[in-house]
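Heads up, the next two complexes both have chain A, just with different partners, chain B and then chain C.
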Partner chain A sequence: MSMDRKSFLKITGCAVAGAIAGGKLGGLVAGAEDAEYLPAPGALTARRWGMVVDTRKCRKQEGCKDCIRACHQAHNVPQIPDKTREVKWIWKEKFEHAFPSQETEYPNEELHGRQVLLLCNHCDDPPCVRVCPTQATWKREADGIVMMDWHRCIGCRYCIAACPYGSRSFNWGDPRPYIPKVRADYPTRTKGVVEKCTFCEERLARGEMPACVEACPEKALVFGDLADPNSEVRRLLRTEYTLRRKPELGTRPEVFYIL
Partner chain B sequence: MRDRGWILLGLALFIALVTFPLWYNTALGVAPKQLQLEKAKGEACVYETAYMRQHHMDVLMEWREQVVRRGNHLVKVGGKTYEMSLTKTCLDCHRSKERFCDRCHDYAAVTPYCWDCHVSPEEAPVVAARARTADER
Partner chain C sequence: MFMFEKAVVGSRRYWLWILGLFAVIGVGFLNYLRQLEVGLAITGLNRDVTWGLYIAQFTFLVGVAASAVMVVLPYYLHDWKVFSRVTILGEFLAISAVTMCMLFIFVDMGQPHRVMNVILHPTPHSIMFWDMVSLSGYLILNAVIALVTLSAERKGVAPPNWIKPVILLSIPWAISIHTVTAFLYNGLPGRSFWLTAILAPRFLASAFAAGPSLLILFCMLLRKLTWFDAGREPIRRLAVIVTYAMIVNVFFVLMEVFTVFYSGIPEHKLHFEYLFVGLDGHNSLVPWMWTSVILAVAALVLLIVPRWRRNDRILAVTCVIVFLSLWIDKGIGLIVGGFVPSPLGAITEYAPTLPEIAITLGVWAVGALIITVFYKITLSVRESLA
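Let's turn to the complex of A and B:
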């Protein structure tokens, strides 16, 4: 059989196009296309979630770690004794470390050395999101939560370098041996993945407040919608003098502190 | 083509060696291994069994996309609503990860990494028992 170049290319082209189209159609086997995806009905929603930490109330219980324990138990956060490898979502830090721009060479007696509760600020302009090459971390359009998709994280740690608040931790090894009581209803992380606070988005979807907010015996953590002028967080911001961490960086944290 | 005989002999030997496991087992009458999967608790799966067998990984990927990235937690299929959760929904019917997921994945020689992070309820106490006791922060 003889064939000229033109008809050979024509036939080959048609065959390739047909194979691609056939493969695509074959992928859509009957059954899955009638699925309808819905948000959970009882979920707590807001246009901009934010938090106010009232350190006056927090200080009433010296050495209390209820919020930290509740958070870390709820999210299978490993308790690694080695400080260079520790993983933390919410933790306490000295005032001068949390608010370095507030420090002068004449430290305030009352503030210096005081323990302040820290967590991810869920910034309005999050630098971690800007640097993530896989969009494993992103800011949710609906409510401003800076989310993590651990499936996508490739462990490059750009976000850790970018976050000015130390809110992100890296799993240098398998975290499972360090999780005191593993829960099956929340995943653990694995070696090579970055993790951080997610404002308990899984609890919000179930209609529950974040674990730390719920666990606080003094109700020092107030969580609510910053876009709603009538919310409790907005009332506190109206009536109290509040601080954000490192405001000079322009990240616009959505966690506020009453000192 | 002076070496035709040698080449053909070599080829025949090569094919005989490569297919050795096949005809050896046939000659001995070894029956192929049957896959024994635990029966699910529920009556029907989210999608038909045949579809699930072929596409459960695609379904799980879609669920993951919907839950993590789009904030949808429920899926409505054929009038029934399910929570899109591997450990809560799938494993509620397929009670044993070991006798269902693992068994088939071993049989098919695939190693998905779902379980590097997700914990099956039956495994949770085992993982917990393996944990070293660390001082609570």
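Let's turn to the complex of A and C:
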């Protein structure tokens, strides 16, 4: 890739800012912004967080929902009974729904109907970020996590239309009555905003692995730095055949699947 | 304010109509208050179909707004004097339609009190940002043009020279509002139904059929209800515009159908199948879509045969048919059809709820009120001159 959209915008943006404010002031502002993103001591950091989901290990425990429960409890995700209006950060879907283009009319017994764990792909080129009119969702420079600001989101749902993976949920009503036990150390959301998985950025900041990764009894979820050639995720990508969801769309998901 | 005193004097019939509109607006407003309280849960929207009636109305009405260019362009660029009496009607129609567009976006928002975030955090890589810029710009352009030219008419003088470039600017601007609106949809990687370069041209073609149809109906209505007669010639010329636009629109739709079905790519095909035959027994939109098709074919026949096009009674019916056909196509099928099936292959149907319909009617009534008031002012000005 020569110059992607972001670097183009950055360059033009800098040029405009420079023209208006002059080099010195622009430099000061940029410096101040960088400082806000310095990780806390003890935080887990990476240049590019990513995940490998080993569905072979995952299916050893049939019907296991430990990761889903851990995530939804950790993040005050409401348990809405109406399936057409539910909110979910991580969930299981049949193989043929997760990978529609892989399905043939001669189904493979191993794969057909296999439950595959889905979550936000934290795409390298996320369409949701591209369309958001308020930058309430953005890709974090430092580690590539696609973040969400629930206090800025205007609830236009453009990001939901843009996400090709169904990874985003909207709060059609007040979610709070549907949270079984509200955790005080994580915010609840209000009606009218979009939410999704954030790769547990709040746990990473405390030096903890994502809740789903920690909860998995089979260690089927491997989380690590895709920019580090010696990381466990990179080792798996080197040695195993992996798939990304809808690679043809050019979003470059950072969640990989071993089937 | 500016000539609004003319809107508060009127016949009994005028006031009954205004009162009726306020009643519809009131019902819509009460339902909107409930939506503010409960959230968008009062609508029929769901996880898979996240935009519905509101956004579809917005999309359709952007077209109606843009169609003002079909009277402005011939009048100001080609000096078609026959449009001198109807141009301002088109501009006021644009003002009303853009206002409705903005209201429909507003009522669709989950957190409407945060609307200023779009301006506080301007985001040039979001098409929605450009849609806001183009729509508000178009509203201002048309408001300035209509009010300046009307006040010049009242004083019996030629409009000031500075308004000419503003009018010329409004022509490409009209094209831009509907192009940007199409870009909202056809830049999304996972939504194959909208992922087609013909979307913006198709939007424009359908707009230039639906908008002028409405304008013809307004001219006829004004002739019947008031002293104002736009004359035969403008209506005939508008009918020719509607004819060409409708032909081009149907042509574009057929091009889409060929591409989708001859290539046979399932992701593209499934949406059309859902709309026209149903998928896995889910077929609630099928009758609507076929109604739209039949109406479109009927409209084409009635428009193309000169004898029928020139007959005012038949033309009135034709215009209603064109409007309905395109409203179903864009105001229902185009948005909902893009969401079914979902990117994960789920087929979840959507039907608007009663509160949602009440809010929608309320917004339409606001548009009707704006049109009524502005047409009333225009006619009063012209009556005092006559």
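Definition applied: the second predicted complex is superposed on the first by the 220 of 259 C-alpha atoms of A that agree within 3 Å, B and C clash if a C-alpha of one lies under 4 Å from a C-alpha of the other, contacts with A are read in each partner's own complex, and residues count from 1 in each chain.
Following the convention adopted for this analysis, a residue touches a chain if its C-beta (ideal position, glycine included) is under 8 Å from a C-beta of that chain, and two chains touch if they have at least 3 such contacts.
Given the structure is predicted, the values throughout are model-derived calculations rather than measurements.
*Asks:* For A:Lys139 in the superposed arrangement: first (chain B), second (chain C), both or neither?
*Replies:* Neither partner.
*Asks:* Looking at the overlay, what does A:Thr251 touch: chain B (first), chain C (second), both, or neither?
*Replies:* second
*Asks:* After superposition on the shared chain, which partner residues are touched by A:Ala98: those of chain B (first), chain C (second), both, or neither?
*Replies:* In the superposition, A:Ala98 contacts chain C only.
*Asks:* Kindly classify A:Pro127 by the partners it touches after superposition: chain B alone (first), chain C alone (second), both, or neither?
*Replies:* second
*Asks:* Look at A:Val182 in the shared chain and tell me whether it touches chain B only, chain C only, both, or neither; answer first, second, both or neither.
*Replies:* first
*Asks:* Determine, under the contact definition given at the top, whether A:Arg234 touches first (chain B), second (chain C), both, or neither.
*Replies:* In the superposition, A:Arg234 contacts neither chain B nor chain C.
*Asks:* Does the superposition put A:Lys57 against chain B (first), chain C (second), both, or neither?
*Replies:* neither
*Asks:* Scan A:Met147 for contacts with chain B and chain C and give back first, second, both or neither.
*Replies:* first
*Asks:* On chain A, which stretch or stretches are contacted by chain B in one complex as well as by chain C in the other?
*Replies:* Residues 190, 193 of chain A touch both chain B and chain C.
*Asks:* If we count contacts the way the header does, which residues on chain B are in touch with chain A in the complex?
*Replies:* 47-48, 51, 54-55, 58-59, 62, 64, 66, 68-78, 81, 83-84, 87-88, 113, 116-121, 123-124, 127-128, 130-137
*Asks:* Using the touch definition from the top, list the residues of chain A that touch chain C in their complex.
*Replies:* 5, 9, 84-86, 93, 96-98, 100, 127, 130-136, 152-158, 160-166, 169-174, 190-194, 246, 249-251
*Asks:* Can you check the complex and tell me which residues of chain C touch chain A?
*Replies:* 38-41, 45-48, 50-51, 105, 108-112, 114-115, 117-118, 120-121, 123-129, 132, 184-185, 187-191, 267, 338-339, 342-346, 348
*Asks:* In their shared complex, at which residues does chain A touch chain B?
*Replies:* 29-32, 34-41, 43, 65, 68-69, 72, 76, 78-81, 88, 91, 138, 140, 142, 147, 149-151, 176-185, 187-190, 193, 201, 205
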